[in-house]
Amino acid sequence: MTELDERTEITERNLRILEALLFASAEPLAPSQMAIYLGQGANTVQLLKMLQQRYASRGVNLVQRADKWAFRTAEDLGFLLRREEQETRSLSRAALETLSIIAYHQPATRAEIEEVRGVATGKGTIDLLMEAGWVRMRGRRRTPGRPVTYGTTEAFLDHFGLQSLSDLPGLEELKGSGLLSGRLPPDLQIPLPFDGALREDEDPLDGDETDE
Amino acid sequence: MTELDERTEITERNLRILEALLFASAEPLAPSQMAIYLGQGANTVQLLKMLQQRYASRGVNLVQRADKWAFRTAEDLGFLLRREEQETRSLSRAALETLSIIAYHQPATRAEIEEVRGVATGKGTIDLLMEAGWVRMRGRRRTPGRPVTYGTTEAFLDHFGLQSLSDLPGLEELKGSGLLSGRLPPDLQIPLPFDGALREDEDPLDGDETDE
Amino acid sequence: MTETPTNWFDTPAPPAADDVMYVDVDGYEGPLDLLLDLARRQKVDLAAISVLALSEQYLAFIEKVREKRIEIAADYLVMAAWLAYLKSRLMVPRAPSDEEPSGEMLAAMLQFRLKRLEAMRQAANQLMSRPRLGFQVYARGMPEPIQIQRTSLWEASLYDLLKTYSAQRERGSITEYTPLQRTVWSLQDARDILQRLIGDSFEWVPMDTYLAEYLTTPAERATVRASSFASSLELVRQGKIDLRQTETFGPLFMRRRKADTP
């Protein structure tokens, strides 16, 4: 067996393992969770990209959600697979608005959400979004009162089929028009949805506040 | 487009639909359940067999169960779905007390351990220490009832970074490090752990008692 | 900013009265939502909206609602006040010394907020119309869970081991316990002493003054005070002395009771 053959065989074996792992899980997996099963020296992300390519034209695609990967049915088949509207508990307009404000303005405090909506947000609205698993408490803003900051979760990305927050629809235009600015009127500084662990003006939550 | 091309395209499309259906279904599907999603005149079973062939060498296989079909992890990769996990846990106080008495007083019988502790020692505690690999049955005391004597193992020395049992600090060292207070009765003695195979008052265990 | 013609200054045709009439306040998510709806009725791009006209419509609407004596949330009234202020700023020319924000700035601010709210609504719609997991896109329907077998790895440090051992040896070795002997004033003693000290004094004297010589040993202070106090209550009950305290935690005064006072 030539060296090339051998390398191909190893790659194929690793790809099979990744396929099996990703098929078996309903939740997206991080490369680090899969790397332990691969042969030594395997480049997990590179292999995942190979696999993604192979499945690109199939009925099931390999997609990336934040830094995790998952198999999902192809988007273009959605019309076929669309199940009966099981969405009996559809989101209220208030919840939808709150979700998009958190998504585009994160990290956002409750006061900031209310500022955009021009109306007080019932505590239940954010709770509902947290219960759905789309919104989480990120930390605390380093301002008087240390208000909790909210952001979106990985499940949010997965649910809406986004690879990262930069894929949020219309983000570029919003950024361009300065509408994501917290301050009025159009400010020079245009904050983008912040995805990192904690921004410089955020403190971590106190221990007992992180649920999950 | 030639007729052949067209046929190929229709086949590919149907295969994609089957892939997505089988992937997303919560239970194995019968061909009749899938046929309604395919183009008219499609031979569902033939398509399923094609798909089965394609996935035959992959990490996930299309398998037939009775007359229903489902994706399943390739059998040779089943090991991926079983995982052994080690979790580190700290010893309970009772276990730690028992272990330390066994270490210093070995060979020690259960009655002797209880005498030092001042409370009854549950069987579970010693079992746990044996399971952890730190304590072993050494022999039987040559006294009425022939109680089992316990001692420590090599793994015990390993874990606590001791070369030998004589490395366990004695009375003066314990006092010097502040672990023992100065206000102790003058007759308090810290025993020298016995390191040998069997002490003169010990009999070997009966053949079937030595595990491992 | 003042140079460019601001088209929200232009007064458009006033809205038809009934346009405002059938607006139902219950359907709105706050004043900004109401304003946004009114703005849409101008049927122009938000950038080209007349803020002045908008303010007038809003104020007219609130007026209508109040005439009907319909309860209206404070939010709406706050916005009405702000819009009235905005209107005045837009109509009154700005004095050079004026420190407050110009009408144009306030109008731009309102316009920005309306645009931002509308943008967030559009974003929410766009989000919801994406192929969503569980609606158009699916995860594996039969996930094959990983079976985990857990084995415990025990953790303890040599320090823990030694500390535990020492602690229990120490516990087991201290068998002799001699309780500390304390001098205790019996109630009878305290009573005798108090009666002797008070003697025939009809003056109010603090208890601690009487007991001064007994309170010098710190160890005995508590028992002296406690027993003396308890005894003094008994003496009061027997009508032999009077007690008085003028403030909480203040000194306790005592004196002999005169036989003839009730």
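All chains are identified by letter, namely A, B and C, in their written order; residue positions are counted from 1 within each chain.
The definition used in the following text is that a contact is a pair of C-beta atoms (placed from the backbone, for glycine too) under 8 Å apart; a residue touches a chain by one contact, two chains touch by 3 or more.
Because the structure is predicted, anything quoted here is derived from the model rather than measured.
On a Cα centroid basis, the chain most remote from subunit C in this structure is B. With centres taken as mean CA coordinates, the chain nearest to the overall protein centre is A.
Centroid to centroid, with C-alpha atoms defining each point, subunit B and subunit C lie 48 Å apart.
Between subunit A and subunit B the centroid-to-centroid distance comes to 34 Å (mean Cα coordinates, whole Å).
With centres defined as mean CA coordinates, subunit C is found 34 Å away from subunit A.
Residues of subunit B found to touch two or more other chains are 20, 23-24, 71, 73, 80-81. Across the assembly, subunit C contributes 138-140, 144-146 as residues in contact with two or more other chains. If you check the complex, the residues on subunit C that touch subunit B are 138-142, 144-158, 160-166, 168-176. Taken in their complex, subunit B has these residues touching subunit C: 20, 23-27, 70-73, 80-91, 93, 96-97, 99-101, 103-104, 116-118, 128, 132, 134, 159-162, 168-169, 174, 177, 179-181, 183-185, 188, 190. On the subunit B side of its complex with subunit A, the touching residues are 15-21, 23-24, 37, 57-60, 71, 73-74, 77, 80-81. Subunit C contributes residues 29-33, 75, 79, 105, 108-109, 112-113, 115-117, 119-124, 126-128, 130-140, 143-146 to its touches with subunit A in the complex.
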